[in-house]
Amino acid sequence: MGISEADLIALWTTLKLAVVSTLALLVLCTPLAWWLARTRSPYKVVVEALVALPLVLPPTVMGFYLLVLLGPHGAVGRFFEALGLGHLAFTFTGLVIGSMLFSLPFVVQPLQNAFAIAGGRVLEVAATLRASPLDRFFTLVLPLAQRGFLTASVLSFAHTLGEFGMILMIGGNIPGRTQVASIAIYNHVEAMDYSSAHGLSLILVASSFILLISVFTLNRRFKVVNLA
Amino acid sequence: MGISEADLIALWTTLKLAVVSTLALLVLCTPLAWWLARTRSPYKVVVEALVALPLVLPPTVMGFYLLVLLGPHGAVGRFFEALGLGHLAFTFTGLVIGSMLFSLPFVVQPLQNAFAIAGGRVLEVAATLRASPLDRFFTLVLPLAQRGFLTASVLSFAHTLGEFGMILMIGGNIPGRTQVASIAIYNHVEAMDYSSAHGLSLILVASSFILLISVFTLNRRFKVVNLA
Amino acid sequence: AELRIAVAANFNGTMQQLAPLFEKQTGHKLLLSSGSSGAFYAQIQNGAPFDVFFSADSKRPELLAEQGLALAETVFIYAQGIPVLWSTNSKLVDDQGAVLKTNKYRNLGIAHPENAPYGLAAQEVLTEMGIWDKLNADKKIIRAQNIGQAYSQAASGAVELGFVALSQIMHPEVKGKGSYWIPSAASYSPILQKAAVLETATDKALAKDFLAFVRSPEAAEIIKSVGYGLPNN
Amino acid sequence: MLNLDFKIDRGEFSLAAQLELPSQGVTALFGRSGSGKTTLLRCIAGLEKTAQGSLSFDGETWQTERFFLPLHQRPIGYVFQEASLFPHLKVLANLTYGYRRIPKEQRKLQPEEVIKLLGIEELLGRYPDELSGGQRQRVAIGRALLTSPQLLLMDEPMASLDATSKAEILPFLEKLRDQLELPIIYVSHAIEEVTRLADHLVLLEAGKVIAEGELQDLLTDPSLPFIQTETASTVLRAVVKQPDTGDGLTELKLGNQALFISKTSVSAGQPVRVRVMARDLVLALTPPTETSLLNCLTAWVLDIQPDPNPSQALVRIEVADQILLARVSKRSVENLKLKERQLVYALIKGVALG
Amino acid sequence: MLNLDFKIDRGEFSLAAQLELPSQGVTALFGRSGSGKTTLLRCIAGLEKTAQGSLSFDGETWQTERFFLPLHQRPIGYVFQEASLFPHLKVLANLTYGYRRIPKEQRKLQPEEVIKLLGIEELLGRYPDELSGGQRQRVAIGRALLTSPQLLLMDEPMASLDATSKAEILPFLEKLRDQLELPIIYVSHAIEEVTRLADHLVLLEAGKVIAEGELQDLLTDPSLPFIQTETASTVLRAVVKQPDTGDGLTELKLGNQALFISKTSVSAGQPVRVRVMARDLVLALTPPTETSLLNCLTAWVLDIQPDPNPSQALVRIEVADQILLARVSKRSVENLKLKERQLVYALIKGVALG
């Protein structure tokens, strides 16, 4: 049956969602991961465990709880309504929040590992060379933690592409706004429209494959830094 | 309404599934990740991209394709039937295979990153100290890649706990065999038995939380090795 | 013996009331798997170990029978779904459904029309009222994967108005909460939920016995009481 | 003036150092492996987070109980004991990392001259893991110098350098010390480096300062271990009388005696330091003739110290109010019947100075 | 016998070395920073994967075009230029890592003695990042020794060690060399270490072997750079005549002349090596009297070489068929009217030998 216009819109929404939530996660998780990598606080383990928790609930169930939280009766929803922005359920923003929560551990953990290693001596050296903490972070930690960022981005991006249960629940599957490719494919399967399902899957897989290959190839062109 | 016996069985199945597939993944992905971390083969990027691919398809859809593959008409299913073992769809083994495929990137990527760093000079030193390649791997690479293993285990374990769409599809939600906690919770929600859903969610989240805290706490007691 | 039953999620609650009765009467054990009809269909095509299939629609059991995967002579309507427009807000829905044409709500939840019969019914009702296209253009329609999810969304309050199943709001936990309207049966194609014994059934006689039990007046009483219709077939 | 007072307690090892170091010239930190040299240097740089204490440099406070000037605001250059280059940057980017971070008007050294001096022109495009050990260390030295620091901290910067490289870099450090008036704190266990560069010496043992003062005084102090080593030596202060006497020798004035060395590029009237190893001194009762010994100084025996080597003795002699050490065999002490206050001729091979 | 023939091409740097090294005694690899010393040592160990070539040790083939004996099966001990301890293991576990991997009967050295010798008893329970630079290097040396290797490869093992530590470790290496007959290949740019330890010398420059041979021959070869350095020196072979002459001196026989040194713990008849620095030699036309110079050898001038320092000259003299270098000022050459084949007296301070 091939690919309908709605499917293409869904693909576009998917891409947007994956990019936005991955970028937002990278920005937000960088300080968190840095803190986790450095701190000796006894609460560290609690935070570490909390980060992984969103994973253990089934996405739909998680989505349901999120829906309650972001909806008009939930704390977050009420807060946003009070701001005059409306509650977040069934909005793209809501989707982004949901996806981020769900991909959180895939970003925090690789970054934390990378930061744990990219620290130490070179940071001391840089400090004696007049680099401020922020300067050190951007000129040393980031490039040295490069593989961690790559892993975080790939995992978060791919996971968001395929995420489904939670998105369905808090997104509401509104074409052009919150209908994403994964849901569209699923609908095709349920509707026994296998040829559309195969077609859309193929597009998703093939384009992801090409994207991933490009990313990994690009990564190879950087200097491989072995800190050991 | 509380927790029924079926729920407890589902919890047990979940635990078994998460443990078995995580362990199996760790064993299988270790050589793969090691290869990826060391090779200069041009195919490396292809393999890296392939590893991340299972993520981009919605779990149910992936489950659908797996079902076709592992079922009586699929190549893998036919192969196992020919061996007299029966096809793998709707069996615990099938679930394990599915979960492993789905958590593959969460194990390979952190291990690969850890291995990329835990190599180099110390391995050369160990070789001059009479350690065979295998010996070096166990006495140096493994301990030095410890955080990578921790991350891989946590992500894979938690992800399997929450995984749902794929398990539903290839498992068939058969109580006592392929019904896992995530599906049980989902069923409770669908059946509007919210108190059971909340109860089971709470058990799952709380026990995961305790487990994660213990793991992270244990990890702190090891020597933190900063290779930089 | 053990009878393995695949039951559409929307009927799972009802089945859990029926099952103990049958088990007590016959001493056999029922193993219930709940899920989406679409998934069951795909699974049965791929060797799922079920004896009986209770679908949420009529199409899938018939297709299975055509493909020789279900026993054609056993296909029958075990329940008829009744869609209702429901809101957790007890003042929102009037007994004419007129609220649908107003601007008093932000969104309207339905099950997905393409793969959930309740969704199709909702679409038909809205088309009949002449507001389907406008609602879509306004992006007010929230599509749930299935009727169960449609209910969850409405129950959370995030969806203000939703087409759900009567059986859902008759549930003891929900009964009497909110406001609802039942559209006229003429405005949508009937939601006929069919069941069938599968070709793979190990004990076909037992499976047939169970279907007979579901047809029994005793069972019919329960089915009706939870909010389904029952046409005579 | 560098005033410091630090305490660190690491259980088995604890450091306690209270020092007033001159803020010009080279101060050497000397001590055995594990005595706390690196630790003290790190305290000064602000790298030891657990250090309790205070530090001020030229009147500016860098650290007190309550105040801590962040590392990157201290105008120091630090050469670490391990080169610790940035692995993801090429040599040139490593070199200019600090250079690019200081205001233009503070840049007293330019990359070109430092690169040339260190002989690393061909390495600029390489990554650190493509360098040899000594090459890495030279890059690390250059990187620290290019921040044009006001205080240079060097932790055994020459340990992995060959004699030729050392011989090229040392004069440059001397130039920095003298022309830029850059104070240097220098950790080393190579006594030749120390005697050549240092004006001031701090001797550490197990985390304690056991001696501190002018290089000359400490080197000849019989209570310190320096005179007990094979390389025992002294440093003489002299003034250039005639930079070139025609045959490549330079004539120095030591009090009213003459001393010939082969050092070039000095000008008349310039004060210089010459190092004399104890074992390079020959004592004689009469000035010898017909030998290749150019220098013959009149001296008085101060005292005779025991030597770790039982067959030897250390004779401290005074020349023009300065102390010199001579290591001679006990047999010679007897043969010559050396005793305190006696007049002797100290014969020094011109070439042994430098 | 260690036969090796290696080629490596890294673009800007390429190594080509074909050598036959004795499988006893110490062979020093000497050369400037970046000349390829580490690279060559890594080739021998089997660490340079890109190296083309062949290697055999005592008749056993370790590498050919087609064959490659895995590293961990080569009976070597390797001390890396950087200590490279295992960061997750404590010092004791680091030390015994290799020890535990060799069969009991091959363990010629025991942890206790090595630990004691290296003075690291108190560090056994620490992690590597809690050690000072020199402490790390001592552990690395111990770790390599404890594999009781049949060939010891050391890449500047002493670079970060203080004189006292060196003075403790060097005699131990000498003992290993002599008593265990352990051949050592030793990279160093400290000429004193080389002259003290090495029997054989390989001189590298830009990846090429520019000279190779007996230490003595190379040190005095006028075409090699050794005589051009400040530390130019020679090694004399002599035999002990009288271990203790009463006042702590040892009398050696050099041909039919006597030489007094302060070395102890030797026995009569034992062959020994004494190092004489060019600048420690004084030449005289008549034997001097009344000085602290104990040794006065009769010698013939071989030739007079130019010195890098324009005011100096290097006089090669022959004593008992061995060559000695004397660095004297040109002025002295003139004053004494030195010329080839002339008889001179070589005055050596007894204490300058060792």
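By written order: A, B, C, D and E. Residues from 1 in each chain.
Here, a contact is a pair of C-beta atoms (placed from the backbone, for glycine too) under 8 Å apart; a residue touches a chain by one contact, two chains touch by 3 or more.
Quantities reported herein were computed from a predicted structural model and do not represent experimental measurements.
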Joint neighbours of chain E and chain B, given as chain labels: none
Steps needed, at fewest, to go from chain A to chain E via touching chains: 2
Any chain in contact with chain C as well as chain E: B
Remotest chain, chain B as reference, centres from CA atoms: D
Chain centre separation (chain A, chain C; CA means) in Å: 35
Centre-of-Cα separation between chain B and chain A, whole angstrom: 19
Centre-to-centre distance between chain D and chain A (centres being mean Cα positions), rounded to whole Å: 57
Touching two or more other chains - residues of chain E: 82
Interface hub residues of chain B, defined as touching at least two other chains: 60, 64, 121-122, 144, 189, 226-227
Of all residues in chain C, the ones touching two or more other chains: 39, 42, 149, 152
Touch relationships between chains, expressed as pairs: A-B, A-C, A-D, B-C, B-E, D-E
Contact footprint of chain B on chain C as seen in their complex: 4, 6, 9-10, 12-13, 16, 31-35, 39, 42-43, 46-50, 148-149, 151-152, 155, 168, 171, 173-174
Touching residues on chain E, where the partner in the complex is chain D: 10, 12, 31-34, 37-39, 81-82, 122, 130-135, 138, 155-156, 159-165, 167, 189, 191, 229-231, 247-249, 260, 262, 264, 279-280, 282-286, 288-294, 309-312, 326-336, 347, 349-352, 354
Footprint of chain C on chain A - complex, ascending: 60, 64, 67-68, 70-73, 77, 86-87, 89-90, 168-170, 172-177, 179, 183, 186-187, 189-193
Footprint of chain B on chain A - complex, ascending: 44-46, 48-50, 52-53, 55-62, 64-65, 105-106, 109-110, 113-114, 116-122, 144, 147-148, 151, 154-155, 158-159, 161-165, 182-183, 185-186, 189, 197, 201, 204-205, 208-209, 212-213, 216-217, 220, 224, 226-228
Contacting residues of chain B [partner chain E, same complex]: 121-122, 124-133, 135, 139-140, 143-144, 223, 225-227
